[in-house]
Amino acid sequence: MDVTREQHPIEKMTNDSSLIQQVKRVIHLAPLEKIFNLARGYSLWPLGFGLACCAIEGLMATNAPRFDLSRFGYEVLRSSPRQADVMLVAGTITNKMAPYVVRLYEQMPEPKWVIAMGSCAISGGPFVDSYYVVPGADKLIPVDVYVPGCSPRPDAVLHAFMMLRDKVQGKVVLENAR
Amino acid sequence: MLRTEEITLNMGPQHPSTHGVFHVVLKMDHEVITEARPICGYLHRGIEKLAEARTYTQFIPYTDRLDYLAAMLNNTGYVQAVEKLMEIEVPERAEYIRVICCELSRIASHLIAVGTYSVDIGGITGFMYCLRDRERIMDLFEMVCGSRLTLSYMRIGGVAEDLPDEFIPALCQFLDEMPSRLDEYDGLITGNEIFQARTKHVGLLDPGVAINYGISGPNLRASGVFWDLRKNRPYSVYDRFDFEVPLGKRGDCFDRFTCRIKEMRQSLKIIRQAVEQLPEGPVMAKVPKVLKPPAGDVYHEIEGAKGILGYYVVSDGSNKPYRIHVRRPSFINLGFLNELCKGWKIADVVAILGSLDIVLGEVDC
Amino acid sequence: MVENIFVGFAEWLRSLLAAAGLPALFGDIVLMIVKVAGILAFIAISVLWIVYMERKMAAYFQARIGPNRVGPRGLLQTAADMGKLISKEIIIPRAADKIVFLLMPVLIFVPSLLLFAVVPFGKNMIAVDLNVGVFYFFAVASVSTIIFWAGGWASANKYALIGAMRAVAQMISYEVPMVLAILGVIMIVGSMKMSDIINAQQNVWFIFTQPVAFIIYVIAATAETNRTPFDLLEGESEIIAGPFIEYGGMGFAMWFLAEYANLILVSVLATTLFLGGWLAPFGLTFIPSWVWFLLKIYFMIWVFMWFRWTYPRIRVDQLMNFGWKVLVPLSLANIFVTGIGMFIYRAIGW
Amino acid sequence: MFGQGLLKGLQITLQELFTKKVTVQYPEESLPLAPRFHGEFVLDVEQCIACSLCANACPNKVIEIETAKLDKKRVLTGYMMRLQYCLFCGLCVEACNKGAIRFSQKFEMAKYFRDQIPLILYKGEPPVQEEQGNTGITAGEAEGTEV
Amino acid sequence: MPGSSIPSTVIDGLKDKFPAIEVSENLTITVPEAELLSFMRELRDNPDYDFNFLTNLTAVDYPDNFTVIYNLVSFKYGYTLMAKVNLGKDEPAVSSLTSLWGSADWQEREVYDLFGIIFTGRHNLTRILLEDGFAGYPLRKDFQWVGGRE
């Protein structure tokens, strides 16, 4: 099966266009790409982007000695977007913060991923009726993993990182598409 | 003389040491700050507007999201304000459970303050130790109300559920081990000469100016002003416990830091006495299912973790509040930041901002 | 025997080439290429290992477990990091000075590699035994200051500019006490040749005869390699990542690895000058000399890591005051005392 | 003396180097959760009388209940929780006096796609005459595009 | 349910100095807008009141008027006092207290930002929480907005 940017095995499996576009954006199974994906999966450096309460659970408690994100090698918390791979949107995105979220996302070098952590990042959560809250991170940037919970537990965040690792290494998403 | 040019530097909304999305525009003459203009509002979720569309009980989970490091204190402040408005008598056991949970929340909030301050000055290890000990409090909260950070445990008229029976032994074990941990922080962070060189005589806050600018909590007591609502205007059952209020001498970053560690020791003392005097009995007063407080308004203040936390509740007799205003200590403590940072270097702005211990959920409300 | 396994290999290769009838010069060139390849392999492996060791040490100091998922017990973690960093997109900011921006990450490795020429790995296992070894060491080491500064200047970012300025201020002002501290040892040995210095430490290491110089050297070395408590350059909580804030992917990897290469070099100098290089302590010579050398290097590296995960960061002006007003006079006093000591030593006629 | 605090710091970190590590290795060992933990929701359909007390108690209108009239008795035909708006505060569990809606101990709720987040706790077709015994479908295997 | 805990003798002393104020039954003082500044200056500077701490400053949008609420605390005597000023619905304006207390600065900017009440006699009255380009004043009852719920 020859894999190019345009033609991709997933098109034979499903005709849901959003899924195809999503998979193409992230995975094209050239052999060298497979090796790089393996390396990328094992070293997803999060961008320390704490907005609200989820930042305490997602950035601080997950790196804390008890849950220890460093076991996966993801504890290199780079605050400069240039050296980060994953943008962990942890907290409520308000209208005043939205342009900065988009600018930081664009400053990150490709390939990059986004984890929307907490109800606020998924859909504005408790503040969805507010006049000043963006209802969800996917209104601004493409999101790869959604972690529901109003401040999800740190081990739920670890679970999300492992789901993202499986997605980066191309294991899970393809099986689901079938 | 060589004409030097001022540069403006954005310690922007996304910066590791602004404890969240806080933006300080620094005008600098090569590392010496000439003007520090704070810009906040990046986390303004309009909670006061949302309050007008929710009933009194439904607003309780929103108070957790204000100062998300000390959720119990926010709940207690709001709930006591509504009880004062409706003149509800809270049973004894509920009062004691509230004191225990509030003091635990205060310790958790101070642990984060101490930990992030150690990171701001550069010592990451101190941060990790504080978080390791904070996890113990998280377990206690999970036992009591099911979630770690956004607790919503208090109800108008008492508490949601009684303490589980494995709570008291776990709490006593925590009380026995915590003092040795506090000594460890003193040894690692407070005693360190480099830390002292970075924080002593930095960001001096004069008591008169502190009172004039409405600064409250550990920042005010560090300047030597004796004002702690638990002592000066005892609410709930705080008058039954004896504890000291630590005061600082110079009102610099070092005093603000050590005041927080001493306050943790005092909170442990309060919890120990509260556990000994914990009476039996109901945890919830007789409260109608649908609360309709009489029309009128009330302003009630408690001693939050960051300072004086006040709730101004206006009710028009319906089951939804007409207006709720939260007097947020972090927001008001920031009013003086500009003058406080003038003349210091970037590293000191980080130290001063960290010593004020602000939480952005509370600043932007 | 294991002791001169490398020296034996070199002799065998030389005799092989000579037997094949090639001119002696050709043999030397091939031998030198093999030595360079060996040193490059050593640097690559040890830098990857030190990054893993730093993260594990950080974790163990902080009551948690470091990387243990990637590869056996997490050993491939740094390899995964490098693999990812290689395949990242290279972003050049529009306002950046392109040529300088791209050149600096490449150049940062040059001084480090040059310095490995004079590193005495074991008994007569030194690439080039210059008779001005230590002098060469400091001359080349101070080149990296310019590279840090140019990297910060080229990325056209205010944070990078401040980081670059701090880099220049810090590294220059801590060269002086470092060199003056070394002077004490050079005075006793009388020569700057690496092997002479090591041989002079046959019976007593210089750490015992020159304790003050050792302490000054360690402090200045921490400042030289920008590690806490002097990591002003890359103060995370102040100026985020200093000069290499705009570098992503492979550019950042080069800066990151060069920092650890400098760490190895500084530990090498510490062991050579103060801990007796490849000399076996208390005569335990059944362990080969180059193993002793590695053990001592990694002990010094562990001490630098111990400092990093204990101390907070110092402020810029305190850094300068401490450097100029405390370390420089202290090292001058040390030279003075060493001078008097040597004079008395000779006068008594030992 | 000047360096005394610095040495104390070193001594503490050295002690910590040899103390037991507190890490709970998440995927293999899991942390014991408190019985009152607010995890994912579980609905006991027998108990539920579709009174929508929980839907009114919720601060953020997360619960959506569909009912059908069956000879003068209200029957539950659909129970959907929009978890993306949920606060996990437990007011609904408290409001339900039948104890139908409860918290489970499951917290791994992460999904790849946003439309899989709403939790369909019960999707029975309206029973024609008598009450079909549709057993309560816990969150795991509710049909629909659940992954 | 007392709005302010202050002995009645002190209140009577205030009443005869400022006849225009009315004291409601739960001891909250309603001050006409014209005399606000002098009343507050008296409260702060007079040694037997010594209200040196302005703890809270907020506003409420009632159907027929705006009300600005001031809460003051005297550290020396431990008194607390709640003062109110009623303003008209259109163009609400009140004199600023930043000349007396520094804590009024940010709280007045927040009230201006969310209510649109103008505070006269102060510098830098700009929005503090919302963007400068935000249209309208959110905490007014007549503010229309569309939520993000789909």
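Just so it is clear, A, B, C, D and E label the chains in written order, and each chain counts residues from 1 on its own.
What we mean here is this: contacts are C-beta pairs under 8 Å (C-beta built on N, C-alpha and C of every residue); 3 or more make two chains touch, one makes a residue touch a chain.
Note that the coordinates shown come from a computational prediction; the quantities given were computed from them, not determined experimentally.
Contacts with chain A and chain E are shared by B.
Chains that touch both chain B and chain D: A, C. With steps allowed only between chains in touch, the distance from chain C over to chain E comes to 2.
A summary of chain positions shows that the Cα centroid lying nearest the centre of all protein Cα atoms is that of chain B.
Comparing mean CA positions across the assembly, the chain most remote from chain C is E. Centroid distances built from C-alpha atoms place E farthest away from chain A.
For this pair, chain C with chain D, the centres built from the Cα atoms lie 54 Å apart.
Mean C-alpha position of chain A lies 38 Å from that of chain C.
Inter-chain spacing, taken between the CA centroids of chain A and chain D, is 22 Å.
Remark: chain A and chain B have CA centroids separated by 31 Å (rounded to whole angstrom).
Of all residues in chain D, those that touch two or more other chains are 6, 9, 12-13, 16, 21-23, 25, 59, 85, 87-89. In chain B, 15-16, 41, 44, 46, 49, 61-62, 64, 125, 128-129, 132, 135, 147, 150, 188, 192, 194, 364 are the positions where the chain touches two or more neighbouring chains simultaneously.
Taken residue by residue, chain A touches two or more other chains at 64-66, 68, 71, 79, 96, 123-124, 126, 128-133, 136, 150, 153, whereas all remaining positions touch fewer.
By the document's touch criterion, interfaces exist between A-B, A-C, A-D, A-E, B-C, B-D, B-E, C-D. Listed in rising order, the residues of chain B touching chain E in the complex are 40-41, 44, 46, 48-49, 84-85, 87, 209, 211-216, 225, 227, 232-233, 296-299, 301, 308, 310, 312, 314, 322-323, 325, 327, 331-332, 334-336, 364-365.
Listing the residues of chain B that touch chain C in their complex gives 7, 9, 15-17, 30-31, 118-126, 128-129, 132, 188-189, 192, 194-195, 197-198, 345-348, 350. If you check the complex, the residues on chain D that touch chain A are 21-27, 30-31, 59-60, 83-89, 107-114, 117, 147. Listed in rising order, the residues of chain D touching chain C in the complex are 6, 9-10, 12-14, 16-17, 19-23, 25.
Within the complex, the chain B residues that touch chain D are 54, 57-62, 64, 125, 129, 132, 135, 139, 142-147, 150, 152, 160-161, 164, 184, 187-188, 191-194, 196.
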